[in-house]
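By written order: A, B, C, D and E. Residues from 1 in each chain.
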Amino acid sequence: MRRALTLALLILASVPLLYAVSLLPPVGSEDNPTYTYVVPHYLEEGPEETGCENIVTAVILNYRGFDTGGEVTVIFTALMAVFGVLLIPRPAEKVRQPESAVPVSPVTLFIVRTLAPFIVVFSVYQIINGHSTPGGGFQGGTIIGALLIAASLVMGSERTQRLLPEGVRRWLQPAAVLMFAVVGVTGMLLFGEYLSYPIEGEYLFLRVPFLTLVEIGIGVGGAAIVASIFWAMEGSDG
Amino acid sequence: MEVVDIRPLLAPVVSLMCGFLVFFSGERAWWRRFWSIAAAIVNLGVVYSMLPGVLDGVIYKFALIEFTPGIGLAFRVDALGMFFALVSSSLWLITTVYAIGYMESEHERARFFGFFALCVSTTIGIAFAENLLTLFLFYEMLTICTYPLVVHEETPEAMKAGRKYLVYTLVGGVFVLLGTAVTFQWAGTLTLSQTGILDMSAGRQGLTLLFVAFVIGFGVKAAIMPLHGWLPSAMVAPAPVSALLHAVAVVKAGAFGILRITFCVFGVELLQDLGIAIWLAAVASFTIVVASVIALTQNNFKRRLAYSTISQLSYIVLGAALLTPLAALGAIVHIANQAFQKITMFFVAGAIQRTTGRTNIDELAGIGYEMPYTMGAFTVAALGFIGIPLTAGFITKWYLSLGAMETGHWIFVVVLITSSVLNAAYWLPVIYMAFFKVSPGVRPHVKEAHWTLLVPTIVCAIYVILLGSLAEVPGMPLSLARTAVEFFFGS
Amino acid sequence: MSRAFDLVLYGLLIACALAVIRTKDLLAASIIFSTYSLILCLVWQLRGSPDVALTEAAVGAGVTTVLFLVAVARTSRRER
Amino acid sequence: MRALWTNIDYVASVILFLIGLYAIMVKGNLIKKLMGLNIMETAVFAFVMSAGIVTDGDAPIMGAGAKPPFANPLPQGLILTGIVVALSTSALALSLIIRIYRQYGTIESDDLWGVE
Amino acid sequence: MGGGQWPVVLIITPLIGAALTPILARRRPQIAGYWALFVFSIVTLAAGVLMYRVSTQGPFSYYMGGWRPPLGIELRFDEFSASIGVICLIGWLSLMFSLAYAKHALPERRIPYYFALVLLCLGGMNGFAVTGDIFNLFVFLEILSLSGYALVAITGERIAELAAFKYLVMGAISSLSILLAVGFMYALTGTLNMTDLAMRLRDVEPFPVAVAVGALTLGFSVKAALLPLHIWLPDAHSIAPSPVSAILSGLVVKIGVLGMLRMYQILYKAQIFDLSALNTTLMWLGAISIVLGALFAMVQEDIKMMLAYSTISNIGYIFMGLGLASKYGIIGASVHIFNHALIKATLFLGAGALIHQTGYRNLEDLRGVGKAMPITSAAIAIGAISIVGIPPTAGFLCKWYIALGAIEAGRLFFAVTLLFGALFIFVYYIRMLNAFYFMPPAHPEILDVGEAPVTMLIPIVVLAMLCLLMGIFGRIPLSFIEPAVTNMLAPIGG
């Protein structure tokens, strides 16, 4: 009954949606307003104005850097939320997990151990080179975070957390938000507005380092947050 | 002549402040009494200080704040407002003295006296309101401030009465607000300083509906039948509350509202064109007669008083609805006359209850010997209600009858006479019972009420006679009422 | 990229989505969801969006799936 | 109809959107609801991305040898943010689910309404 | 543009403050509260400066990163952005209230996260209120929603998590439908800036825009808990910690309304199609919300549950005002956004103090508390009178304007519904006041509980005062709102 009703409702809703969709500008055409209005400026002036060859990075870090600042705040909020919801008073029943939740085969262990350095190098490359190649801070950070998660699965969370003691983690978690603030405020003091980067003039050399700093912040923060969320949910941190 | 003066604002605000001070005095009896009396005296002083000016035709006004252009909190003292304020604040002082004696052994006295002061302040606000919004504002505040007084006993019966009271009066408030909003939309102003702000351009039907909405809104407090249901139940309140609020402040606020609507918002001419006032007059007549008949059947002293109040209030409404100068004069002057008469009676009822514990009329046999002064005052008030010359009630009846004759509708004169007869029918037995019927074998001995209860009662009774015998002396309420009527009828 | 291939991918996506809904075993559903993300990742890559594709792979197929798995492990595996 | 065909990318995302919504509304298992939510999210992302599709567009990276047409970078930037938002929502929701399970021992909404 | 950097202070400070909270409070969680209060004081100062600027110099913009729209993100400070004032005010007072509350009601380990989340939520709202970019709007919406979901669950009491999950699912659907609408608008125009959007929406297909408007309305009315979409609200708002309830009920639901106002701003300017169908729908939903919300509230025993349903009722007022689409209607709705926030915060904080001191939540159990906690109870009484719209309190003006708007639009029926709806509301508030003041206590020991701690009392008293003052000095918010509404309606000759 409920299914049928829902289905009917959704089909009813689909009619205007599909009709509306059919009236949108045709997908893929280069004459679409999406492609003719703001984007040409990004594509033509982007590398010049922002120092990023990767225009996506130019958009997310420079033109619409504020959005990305919001984005890292969102994930930081998620971390706070997860902590707030999950963490229970310390002395209470602390469920001591076995060293690793699942018995792990030596093969997996070997693979993770061997691949880890390569993965780290790859992520760091992504983070640092985000302005000119695909990928960037968040992607790299997430991959490192995923690596930490994998390590926790293989070696157990306790041992992995020793790589990143709680005192350090606390500083790394808000790294992205803080780095944005630092770079943003520096930009504000030097070049006028929050999150502005030099377009010309004597400080031009600062532009790429600044972008890289932000990328590093996002990467570090992202990795720490992703891993911390995992640990909190897994129950080893609480 | 209009003068900007702070006093119209001062009158309600100062007493309001004193009201709050009463709250803070808590159980410290001396301070509580001091602030209660001080509030009443200050209020009376401020109001009286404007009387000479108003009699000379001066109009005091004060605009406090504006919400949007044309709508704001503003005060204005004209003759009608002055009249109402004068009655309320004089009686407030008297009632406060009475209440101090009456409430001696009650609980929550700070709350009682605090809200008592707030109620009268808001009543003064109603009297001095410059526009409909200000009027509505104080009208609603009055509703809220009265509620704690009605439920003062905190018994289930009191709570029920309180609920009934709120439902009736708040629904009435909604109608007033609705009417106010519509009036603003049509007239573009809400001022009460003219003789009619609406005109025919809004359409006959719409205006009729608007008038009905206002009459319902104010009629609830004025206890026009069938909107009177709350008043008898509200009699569970302590006697001073019933006296001041349900004989003077609250119910008169409703009647005052109807006067304002009739004369200041619609105006005599418009209402004559519309021809709806006559229906209001009909309803009022119905109320006068039927409420009196019901009063006959009531055995509880205060409930009989309540139905008598309902009946008497409709005199005012009737006077307004007849739309002639003399009837209007009767209506306005009845605000004072009915107030003094009815408050005397309530004081008596309260004094008897406090002193002897009796609340029903059939228990009153021989009470005239036990409490001769009290019952003497009662007799004066009762004669006033019947309309015997030289009492205040006569003045009212006289002008109302003249006004009714002016309209040519003799039926209203008949109503007034019927009412007098009915009044006699339900008050005279009480007097008979008190003075001429002594329970066999019991030798009553004099046991008068405490002086704080007795003095206010007698003062009021004396006033009833003064109002009736010296009505034409300048400075008495009648002259003020004349000024008001002259303004409304433009002569 | 050809239109036909597009259609195939969309078909796969919808199929995966339906499979996620219909599978009663939550562990399996999580894995199918991961597949769904990977297909999506392919779609982004084909549209010249390597950045989004990378993110989708790392976040959608990677982290989100792991979190789902943790949650399934901490609660119950079967849906009623 | 023809327009629908041209805009088949939008159509696909609308269908995915509705599938996700269906899962949220019908499924009783909280994790399933969340999966439905995730499908909805990706559907909206696909929708926004479709607005930026350029036929045969290359990645908008202006290295040596890059030649137009380039793909539209703006929706990509938006969706990057969107994906992170989706991850955050999922993380919080899963934490809540874990807590709910710890307290009531079930994550079937039919059983949970009785708990309230 | 030489405008100083206050906008940055406004938006960034709470986020940085939140980021630092867990670090600073690592050793001593109680510090978190004072830190958050300090941080938010700075934000409030910034909001004050910005509002002053708006009122003296008129609307202005701040361009993030120096990129002019449509390239970059614009922060737009106009009259509707003045809602940052009320956000900061209530946020600050709620934070202050939280100091004592959190110590008592929360597990100690969660306290830093609690304050971080409150800061994030408030910061998100500030961002939402001032941003001029529809995608940025979505981002801030997510910040504030996520922290809101978590704050509902943070006590871990009874059904807190369930309520939070329900809230999360509904909230996420609404966010997605808003994002979908953003997608539609972007596909049609290629811009994300609101001002720009209004220009460019003029000559596009109207039907997709209509669908987008539908999706936006749906999304925002879920956030605002308009009636058929309200199911998440009562549980969430009653189970949350009281200061959070104040924020959620006073501010977060208003974010939905603010979103609607922004949408209307764009639509009136774009004049793309006739809005009367939408308006009529909103009007009716508003009317139904008022009446049903009040009826539901009447049968509640839990004081916070009652307040939660009353929020639904009051949201009905606002939507009705919006739907009337007459000048006074919209003014009334906008003023009610402000005033209801004040009133509901008073009530929720007051209720929180009562619960904190007595440990009871039900009206029956709270009898006689008026004598034990006179100040708190008096504040609640003022709030109650105010929300019913008895003059001269803040609630009256809104009622008056919306009623006037209804009559202006020639819809007397709605004026009647509105005013009688207020009566319904009064019926349940009078139950509350009766219990507090006029009934013998059910638990005699309640007479011995003392007044709430001073950090709780100050916010309550300040808010109660404001409820009164805003009624008497109703001109102040109006001076902001009236020009804005006049501007907004100018294109349709309102």
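What we mean here is this: a residue touches a chain if its C-beta (ideal position, glycine included) is under 8 Å from a C-beta of that chain, and two chains touch if they have at least 3 such contacts.
Just so we're clear, the structure is a prediction, and the values are computed from it rather than from any experiment.
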Least step count from chain A to chain B, where 1 means the two chains touch: 2
What are the chains that chain C and chain D both touch? A
So which chain is farthest from chain B, going by the mean of the CA atoms in each chain? C
Express in whole angstrom the distance between the two chain centres, defined as the mean CA positions of chain C and chain E. 37
Between chain B and chain D, centroid-to-centroid distance (C-alpha), Å: 69
Distance between the centres, which are taken as Cα means, of chain C and chain A, whole angstrom: 19
I'd like to verify one number: the distance from the centre of chain D to the centre of chain E, where each centre is the average of its C-alpha atoms, in whole angstrom. 28
Send over the residues of chain E in touch with two or more other chains. 135, 139, 142, 146, 149-150, 153, 156, 161, 164, 186-187
The positions of chain C in contact with two or more other chains are 49-52, 55, 59, 63, 67, 70-71, 74
Do you know which chain A residues sit against two or more other chains? 17, 21, 23-24, 32, 34-35, 38-39, 42, 54, 56, 64, 67, 70-71, 74, 77-78, 81-82, 85, 134, 138, 229, 233
Per the touch criterion, the pairs are A-C, A-D, A-E, B-E, C-D, D-E
Which stretch or stretches of chain D touch chain E in the complex? 17, 21, 24, 30, 33, 37, 40-41, 44, 47-48, 50-51, 75, 78, 81-82, 85, 88-89, 92-93, 96-97, 99-100, 103, 112, 115-116
Listed in rising order, the residues of chain D that touch chain C in the complex are 8-9, 12, 15-16, 19-20, 22-23, 27-29, 31-32, 34-36, 38-39, 42, 46, 49, 53-54, 56-60, 70-71, 76, 79-80, 83-84, 86-87, 90-91, 94, 97-98, 101, 106-108, 110
In their shared complex, at which residues does chain A touch chain D? 2-3, 6-7, 10, 13-14, 17-18, 21-24, 26-30, 32, 34-35, 38-39, 42-43, 46-47, 53-56, 58-60, 64, 67-68, 70-72, 74-75, 77-79, 81-82, 85-86, 132-134, 138, 229, 232-233
Hey, which residues of chain A end up touching chain C in the complex? 54, 56-57, 101, 126, 134-136, 138-139, 142-143, 145-146, 149, 226, 229-230, 233-235
Would you mind writing out the residues of chain B in touch with chain E in their complex? 65-68, 73, 111, 133, 136-138, 140-141, 143-144, 148, 151, 154, 159, 162-163, 166-167, 170-171, 174, 177-178, 181-182, 184-185
